[in-house]
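Shared between the two complexes below is subunit A, which has subunit B as its partner in the first and subunit C in the second.
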Partner chain A sequence: MTAIPKEQWKERIRDPKIECASRDEMTALQSERLVETVKRVYENVEFYRKKMDDLGVLPGDIKGIEDIGKLPFTTKEDLRDHYPFKLLAVPNERIARVQGTSGTTGKLTVVPYTQRDVDIWGECVARALTMAGLTKEDRIHICYGYGLFTGGMGLDLGVQALGAMAIPMSSGNTKRQMTCMEDFEATAFACTPSYALHLAESMVEEGVVDRLKIRAGIHGAEPWTQEMRKKIESILHINCFDIYGLCEISGPGVAMDCIHQKGLHVYEDYFYPEVLNPVTHEACADGETGELVFTTLMKEALPLLRYRTKDLTDITHGTCDCGRTLPRISKFRGRTDDMKVIRGVNVFPTQVETALLAMGTVAPHYLLIVERENNLDVLTVMVEVDEHYFSDEIRKLDELKTKVGNVLKAALGVSVRVKLVEPKTIERSEGKAKRVIDKRDLS
Partner chain B sequence: MSKTIKQLSVFIENREGRLNEVLGLLGKNDVNIVALSLADTEDFGMLRMIVSDPEKGREILKSAEITAKLTEVVAMQVSHASGSLAKAMEKIVDGNINIEYMYAFANGDAASVILKSDNPQKVVEILETNGFKVWEADEAYKANQ
Partner chain C sequence: MISQLSVFVDNRPGSMANITEALSEAGYNIRAFATFDTPEFGILRLVVDKPTEAKEFLTSKGFVVRVQEVIGAELKDERGSLNYMLRKLADGNVNINYIYSFVIRSGKAPVMVLHTGETKEALKLLNEAKVTLVNDDEL
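Presenting the complex of A and B:
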């Protein structure tokens, strides 16, 4: 298919009353929902009652969204400490399903949903799919994993709400993915960006690209760069969209970017976003980087107050070129816990990716290894060399190595050892890409 | 008949068994190695070979996802007499040609040298005008067989 240029894009908005509401209308709606949420958690969740009592805050003190700063924070550790159902705000029998984190950063986190929570989740994903130009006519190939992980189920619920056709492939088995995508005439596909790139490369190798009907890709669940998006778009001739979500809050469909790619629109009628200075916890001004914090405004089973996502971003209010007034969060600058402090310098894997792709010489597959030698942090980057850049002259490969090293040093501010590896030696993820291995023993 | 020949160059990561994998693949598919040179650096090795069927060799490696390419080189025949290689090199240097690397192989009573330069055609011309013999591609791929 051919990608649709911005100028010819026909914007579709699923719920214009909400997505294009005035600031006053939205504030009124959020205030009403926050007051109700706070009352409900205070009455039903001991954890929050205690926290609010400790802060000396009563539900009556929360009169509107402007009072949100008075409320206590919630962290991932709080969820783990109350594993599995100790934060439940509804009777057990009202739980319709559970989902959980992929467990990549530690113990499993489980999230219960009532049927209404599930419906709202689906509605949010349906809004996101509409933002990607999809309608009930579309066939959406879902190669996110199905299971506790919210990716597969979330997209599936969204496709149902949209009334489109779902192709529930789950992840893995790239050959079969390609066959089904072609045979079922899928018009869009959804998966992690690293898997999308892997699929795209495989499609080129198999020569199936021209036979596909795909026109949109919906990708999220891990950080990716603009360069990676361009690469997938140019290989498959499609438009790619960035979808964001986290299971603690609901799943994919918390935010999504539109064709204008000016940040991800947050569905703030359900999830109230704050961007806070990670140290002082004060609200950041529009455009200033801080930690993203969410308060759920309609969640029944697991309402969360000021949940700290550990994702670093900035927020912009104001009307987008697409017509939506929903605030936009920037592509993530990393996670507070993905960030590596190397010799005192903060390093984010995404910086490495941006720098490598800008060079245009190496594939965007890399692995960072952090080690400690003689009490000094050493950063090694393994990068794959495209066949095109492979030379039979060692001198030329050494030059490439030096160049990569210099570019990374300029981008990161720390020296980097570069190790050239054969294409496809770094493991391709069918779930979340592992970009950093930290071998330092800091205990 | 081509006077330059195609060398099969392979990028080999420094890990156990990798070289063996490459050689094994070629052997299994009846690609005979006529001449070989292996250079190593801190983290990778460079395997350069003259083989019986360079195109086939490259295809086999490519389908095994091994990075390989074909490079144009010149195979010069040198007699077993002191100074003959030096004489050839002198002529090449006089022609302002830069030699990137070279390696030798023996065939029967004679010896041969593989030369990688920035201008293989000119190397052939210089060598032939000065009375040196270079291998023709089809002969070279079958040398020692």
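Presenting the complex of A and C:
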């Protein structure tokens, strides 16, 4: 298919009353929902009752959304400490399903949902799919994993709410993905960006690109760059959209970017976003980078107050070119979990990707390896060589290595060892991309 | 001139064999072969029959391949002939990036493969020195 340029895009908005509400209307709705949520968690969740008591805050002190700063924070550790159902705000029998995540530490975080929670989740994803120009006529190929992970289920619920056709492929088996995508005439597909790129490359190899009906890609669940988006878009001739979500809050469909790519619109009628200075916890001004914090406004089973995502971003209010007034969060500047402290310097994998792509020559397949030699941190970046810059002369390859090393050193502030490797040596993940291996034993 | 294939390889066991195996399974004949390596990676240089086809084949197998035009020069089977050729090029101020020889050419004179940044100059010098040059179609 062919990608649709911004100028010819016909914007579709699923719920204009909410998505294009005035600030006053939205504030009123959020205030009403926050007051109700606070009352409910204070009455039903011992953890929050204690926390609020410790802070000397009573439900009656929360009169509107402007009082949100008085409320306690929630962290991932709090969720783990109350594993599996100790933060439940409804009777057990009202749990309709659970989803979860294993996270980086391998310890499970479990999230219960009531039927209404599930419905709202689906509604949010349906809004997101509409933002990608999809309607009930579309066939959406879902190659996110199904299971506890929210990716597959979330998209599926959204497709149901939209009334479109779901192709529930789950992840893996690239060959079969391609066959079904072609045979079932899928018009959109959803998966992680790294898997999308892998699929796109495989499609080129198999020569199936021209036979596909795909016009949109919905990608999220891991950080990706603008360059990666452009690469997928140009290989498949489609429009790609960035979907964001986290299972603690709901799943994919917490935020999504529109065709104008001016940040991801947050569904703030359900998930109230704050961006806070990571040190002082003061609210950041629009455009200022801080930690993204969410308060659920309608969640029944697991309502969360001021959940700290550890994602660094900034927020912008004001009407977008698409007509929506939903605030927009920028692409994440990093996640404290992915961040590696190397010789005292904070290094984010996304910085490496941006620096490599800025050189205009190196494919975005790389892997960072952090090791400790003689008590000194050593950072090695493995970069796959590709045809565009492979030279027949060792001297030129050595020059390339040095150049990559210099660019990365300038971008990261630490010295980097560069290792050029054959294409396809670095493992392509079919779930989340592995960008860093930390071999340091710091115990 | 001869069309040579250069393939990027990791310096690890089996990486060269992967390429030669793929080529021979697909029925390509390897006529000259040389490796240049650093501790981490290397370049495998090959002269094969049907180089354009072989390049496409290797690319489809995921290798990074480049076609490079190189000079093929026949060596007279007599003492000092290699030195004679190199001396002529050196005197003409031509710098050779790399040089290697053909594997086997039964009944024929040995051929050297060489690559230089100054191809035109090198060809002129070799012609003047009466060195026989070999092209793809004569292999």
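Just so it is clear, the second predicted complex is superposed on the first by the 436 of 443 C-alpha atoms of A that agree within 3 Å, B and C clash if a C-alpha of one lies under 4 Å from a C-alpha of the other, contacts with A are read in each partner's own complex, and residues count from 1 in each chain.
By definition in this document, a residue touches a chain if its C-beta (ideal position, glycine included) is under 8 Å from a C-beta of that chain, and two chains touch if they have at least 3 such contacts.
Computed from a predicted structure; not experimentally measured.
Clashing of subunit B with subunit C is the outcome of superposition onto subunit A.
Of the two partner chains placed by superposition, subunit B and subunit C are both touched by A:K419.
Contacts of A:T179 after superposition on the shared chain: neither subunit B nor subunit C is touched. In the superposition on chain A, A:E205 contacts subunit C only, with no contact to subunit B. By the touch criterion defined above, A:F390 lies against subunit B and subunit C together after alignment on the C-alpha atoms of chain A. In the superposed model, A:T319 lies in contact with neither subunit B nor subunit C. Across the two superposed structures, the residue set of subunit A contacted by subunit B and also by subunit C is 385, 387, 390, 392-394, 397-398, 419-425. By the touch criterion given at the top, residues 7, 9, 11, 13, 39, 41, 43-44, 46, 48, 62, 65-67, 69, 71, 100-101, 116 of subunit B touch subunit A in their complex.
Put simply, subunit C touches subunit A in their complex at residues 6, 8-10, 15, 36, 38, 40-41, 43, 45, 59-60, 62-66, 68, 97, 115.
The touching residues of subunit A, when paired with subunit B in their complex, are 385, 387, 390, 392-395, 397-398, 419-425. Listing the residues of subunit A that touch subunit C in their complex gives 205, 385-387, 390-394, 397-398, 419-425.
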